[in-house]
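Here's the structure, in structure tokens; my notes come after.
For clarity, chains are labelled A, B, C, D, E and F in written order, and residue numbers in each chain start from 1.
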Amino acid sequence: MRILVANVNTTQSMTDSIAEAARAAASPGTEIVGITPHFGADSCEGNFESYLAAIAVMDAVTRYEGEFDAVIQAGYGEHGREGLQELLDVPVVDITEAAASTAMYLGHKYSVVTTLDRAVPLIEDRLKLAGLDARCASVRASGLGVLELEEDPDRAVKEIVSQAEMAVGDDKAEVIVLGCGGMSGLDAQIRECCGVPVVDGVAAAVAVAEGLVRLGLSTSKVRTYARPREKKVIGWPLSAR
Amino acid sequence: MRILVANVNTTQSMTDSIAEAARAAASPGTEIVGITPHFGADSCEGNFESYLAAIAVMDAVTRYEGEFDAVIQAGYGEHGREGLQELLDVPVVDITEAAASTAMYLGHKYSVVTTLDRAVPLIEDRLKLAGLDARCASVRASGLGVLELEEDPDRAVKEIVSQAEMAVGDDKAEVIVLGCGGMSGLDAQIRECCGVPVVDGVAAAVAVAEGLVRLGLSTSKVRTYARPREKKVIGWPLSAR
Amino acid sequence: MRILVANVNTTQSMTDSIAEAARAAASPGTEIVGITPHFGADSCEGNFESYLAAIAVMDAVTRYEGEFDAVIQAGYGEHGREGLQELLDVPVVDITEAAASTAMYLGHKYSVVTTLDRAVPLIEDRLKLAGLDARCASVRASGLGVLELEEDPDRAVKEIVSQAEMAVGDDKAEVIVLGCGGMSGLDAQIRECCGVPVVDGVAAAVAVAEGLVRLGLSTSKVRTYARPREKKVIGWPLSAR
Amino acid sequence: MRILVANVNTTQSMTDSIAEAARAAASPGTEIVGITPHFGADSCEGNFESYLAAIAVMDAVTRYEGEFDAVIQAGYGEHGREGLQELLDVPVVDITEAAASTAMYLGHKYSVVTTLDRAVPLIEDRLKLAGLDARCASVRASGLGVLELEEDPDRAVKEIVSQAEMAVGDDKAEVIVLGCGGMSGLDAQIRECCGVPVVDGVAAAVAVAEGLVRLGLSTSKVRTYARPREKKVIGWPLSAR
Amino acid sequence: MRILVANVNTTQSMTDSIAEAARAAASPGTEIVGITPHFGADSCEGNFESYLAAIAVMDAVTRYEGEFDAVIQAGYGEHGREGLQELLDVPVVDITEAAASTAMYLGHKYSVVTTLDRAVPLIEDRLKLAGLDARCASVRASGLGVLELEEDPDRAVKEIVSQAEMAVGDDKAEVIVLGCGGMSGLDAQIRECCGVPVVDGVAAAVAVAEGLVRLGLSTSKVRTYARPREKKVIGWPLSAR
Amino acid sequence: MRILVANVNTTQSMTDSIAEAARAAASPGTEIVGITPHFGADSCEGNFESYLAAIAVMDAVTRYEGEFDAVIQAGYGEHGREGLQELLDVPVVDITEAAASTAMYLGHKYSVVTTLDRAVPLIEDRLKLAGLDARCASVRASGLGVLELEEDPDRAVKEIVSQAEMAVGDDKAEVIVLGCGGMSGLDAQIRECCGVPVVDGVAAAVAVAEGLVRLGLSTSKVRTYARPREKKVIGWPLSAR
């Protein structure tokens, strides 16, 4: 099967490392294709950038010319998954939700460690909308911007571990979720430091997407995620202009 | 003061009637400017169209060249208000929230009557995110599409009244909220039929926006709605291309 | 239009300063009339005093002999608003709710800073009943009694700022609500110290009340706030004896 | 031990029948004293009357000259219990809460059957404040006013049974709570018709109050229900004038 | 009346002290019979042991040969109460719930102080299922194992008081609940140190059970707690083998 | 990898059909081993039977002598998963949770269709504890007992479809979850009739378990699901006697 893994920002190196993490998690026979949006911010760290990414991911995925069996939206706490679900017939998996529901199999409460403080409310809101917040102990910020994760992975691990330890000790989390697509691949190191399971959203989403495809399940089309009605849409797809 | 009222779709006649409704509600001295997005669907009736509208409204508002004191986003249950709040220093008022919080002054529970069944979950989700859902008795669909409201206002009134009566009788709503920007101006007729207060979101949003401006209050910039960080954003603003 | 602003305690100087704050927030053409209860405590700092104030405000408002277009109940977290809504046909606005719903337009979460610790649960309960608690980060006590606010405004500002800073830093509030009618007029100073929007309930309530009157909206009479049934009520109004 | 049972209205015959029901539920050695307010409505069927009752009950109880070990407030869904708790050192038991928490020992969900439709939101609000709403399947109105219960007990039983059957069949209640002090004594008949346990609030409150007294437990005085601070209270107690 | 008080573990001395505490709380004429399971752990401190206790209590109670009027399950936060309710016609009272609902009559919020940190989530879950969590300020662990309570009561009191003081000071609890059957009898000492009401679950359950029996109320048999259907059950009762 | 699939009742033919359904969903290379408890009821339809099953599953799984990589508890809405998590180091997946979290990827709301009405509250409670209830539209009973499903599959399909259609039409579910291990294998037929995705819990659990094993994730051992402490446990394992 082929799974598209859509980065939410326009930084190609980040698409590459996300795709690499997805490949590491995939079963034999699963092909991973990284998708980079044609417009938008080089990192998503707030609502404006996230809304732009939402539409840029829809634009890039609908313009992809090959066939595919599932799509993963690889931004943590970002907008847009509902739109993709309307536009596609194959399963759509958001890493925010895949990581949270995976974590819920592993402990009584989980915490998310993300990048900047300003991203925390976005993540909290997406978890609430997804109905996956009841067992979330906390969402904590490491203080590092998205692109800083790539630039200085050692510091990233150190800051994430520091927050993860407070999540376990103070907030009573039993599982840590890495709250940024750019943290993919850091899970093993962090798990070793913290002594609790660490869930990487990209890997979790690959497992979920593979499972849905194998079970022959995809998005219900009866109401919320029915195909958009036929109508005049000016300027779409945006990158075609 | 000058208030921008942004339509969420690209139908100019709808922008005009929304602006007219806003003017009817405005205090003397308030100038209303209708804004129509440069791209997007001619009506918003689902997540894809709503996400596109979110970014199209941000695009149109940031490209507006005059000064203004507040912005109203005139789509009911649509995405995007958080992004506008980041981009602007003046108050941003979403009609979904303005109508709900206004209704909450008028009765113990309120119901929303909207257009299509598929819009109901979007509205429920936006009210939940806004923290204004606890006193929402129900969100009901009239079964009419957005553009049908303009085409056949008599039928619109009839279908909305029918749902409103069920909301009052069965769901125990004491106030009805009109759940579509395109329903602006129908409130008086519906109130007469139903015997309960009817809140039009556009009018409510004008009153809220005027109040915020008069009180000198605007969006907090300390965290969630801080200005976007300086970064490379490809292709923005989208309509400039 | 004429708006009655009802103090919840019997301290005339407090009625005066509340009315003054209301006048400062009112639009041209709005007349503000301060109302002082004929019985009750000189300050409301608990349930007994608040229940007494509830009935004393109803007593004073129903005995007011002129015409009026709206009533503001100017006690923060106090009982009684529902009773006024039954007795009157004009809109009734409680400053607790006006401040909270105003704050919700300005940031992702808000905190209330009130007087004594014992008032905190009353405020939490009123916000819960109003369905406005979902985005309340915290209710904090400054430790000053109601009448101490008037006696030592400098200390009041200092203590309120201290709690507001903790609300912003620790509780992640982005907006501060002043949780006592007697704090009216302190908002500008506190905003300057804290760097976030500060909402004064009396001013917010004036804007809300003016908006409702302009929109021609008032309390629904179909169920919860229907006029009291005709019946024998011994000793009412109480102050007439 | 002596327990005061305070009627919330001024109808002496209702005080008598409530006291009689309390006596029927009391253990040997428990003395029941019925209290009738000195002012207020002859029946409580809304917020104005309920707020007046709240303060009238506090007035009557604080003017009672004998000693007592506990107080029961015998109005269903009425305001005021928190004020009594501040004024007294002995336990205060509200029949709304006693009935609900008793019902929760008996089945997975319970429903309340009350008098008029307009009383339903008051009861729902009091249960929410009490934190006893999570297992409430519904609050249903029989359509009978408070005083009609006394006038026509056969019709009362018939209407209550009709609603109780819908509560069990449609709302999945497993226990019925009688939602009015004036329904005391009807429980046996209703239980026979419905086949589920029926909780009378007055009887339940007697059992709770006796239990608290025997265990030597009373209201915590550390915060919410601390004694009112020393201050000037004009006109109190109200009935003394 | 006769009340069975079922210990959840197999430590006979603990059954004895629980029964003693129950007797101290019982009214004249109430006979208390302590029940010790025939299998299971010598203390319950986690889910495996608690599930085993659940079935061991059902086994021991159904094999009890005398008559009885009510059963108390004397483990805090343990599984199993629902099963007992199915098997029996008499009232079943869990000390977790009895203590919580008793505490709710005494203050605005209560906290539980239990044994080990690992027991906290079990208690939180049971309170959530019981619908009694809304006014729970916190569940705190003293750090002592169940059997350590008996071995060193002085240390137990000291550690419980230390947590109780933080519950009152930091979490704003106004009442303390002792979160372990093995803490029975320590309430007076702890109350003295903390200055707030302290609820012992065993004593509270005795009062609740006596009240239910006196009122002639027992478990509803219409749905959740109907008698098990007739069917083949291999190996039951387990201790008979 | 080898996955144990534990039936919750003692009916061997049911174990066989559950294992068969699991095999149909498994990836190549996954070995499925069906486990039948050594004691308990021939079907689980209530709390007593479910608690007995909980401990019987723990008994049977801990006595299994081979190696295994994950365990699936194949009863819908049953007790016990937390105990297994404590006892084992490999992942434990409950079909109740696997089905719900899978359904949440496929639609805005899901409904469960189960066997008897009396099972509904158990399922609702388990979903609430799992924090997976926020997007559950309803839990509906088909009216068939567990063993009737096997006896008359045609009638089973008919009754389940009837409830599923009401769930979609009235409760606004977009996905149907089969709420009984014994319904495994009926999903394709029901999906065809209803036009929405249908999730079989056993199949969903296989996909989840395979994913967790592939990602190297298992239960956190830091708090709730730490290994039971060393202690004296009389009579364990129960079937060894």
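The working rule: contacts are C-beta pairs under 8 Å (C-beta built on N, C-alpha and C of every residue); 3 or more make two chains touch, one makes a residue touch a chain.
All of these numbers come straight from a predicted model, not from anything done at the bench.
Novice: Measuring centre to centre with C-alpha atoms, which chain is farthest from chain E?
Specialist: Measuring from the centre of chain E, the most distant chain centre belongs to B.
Novice: Which chain's centre, taken as the mean of its Cα atoms, is farthest from the centre of chain F?
Specialist: C
Novice: I'd like the Å distance between the centres of chain A and chain F, where a centre is the mean of that chain's Cα atoms.
Specialist: Measuring from centre to centre gives 28 Å for this pair.
Novice: Mind pulling the residue numbers of chain D that touch at least two other chains?
Specialist: Within chain D, the residues that touch at least two other chains are 108, 121, 172, 223-225.
Novice: Could you pull out which chain E residues touch chain D in their complex?
Specialist: Residue positions touching the partner: 25, 27, 91-93, 97, 101-102, 104-108, 130-135, 168, 172, 174-175, 195-197, 199, 203-204, 207-208, 210-212, 214-215, 217-220, 222-225.
Novice: Touching residues of chain F toward chain E in the complex: what are they?
Specialist: Residue positions touching the partner: 10, 38-43, 45-52, 54-55, 58, 79-80, 82-83, 85-87, 117-118, 121-122, 125, 128-129, 145, 223-226, 228-229, 231-236, 238-239, 241.
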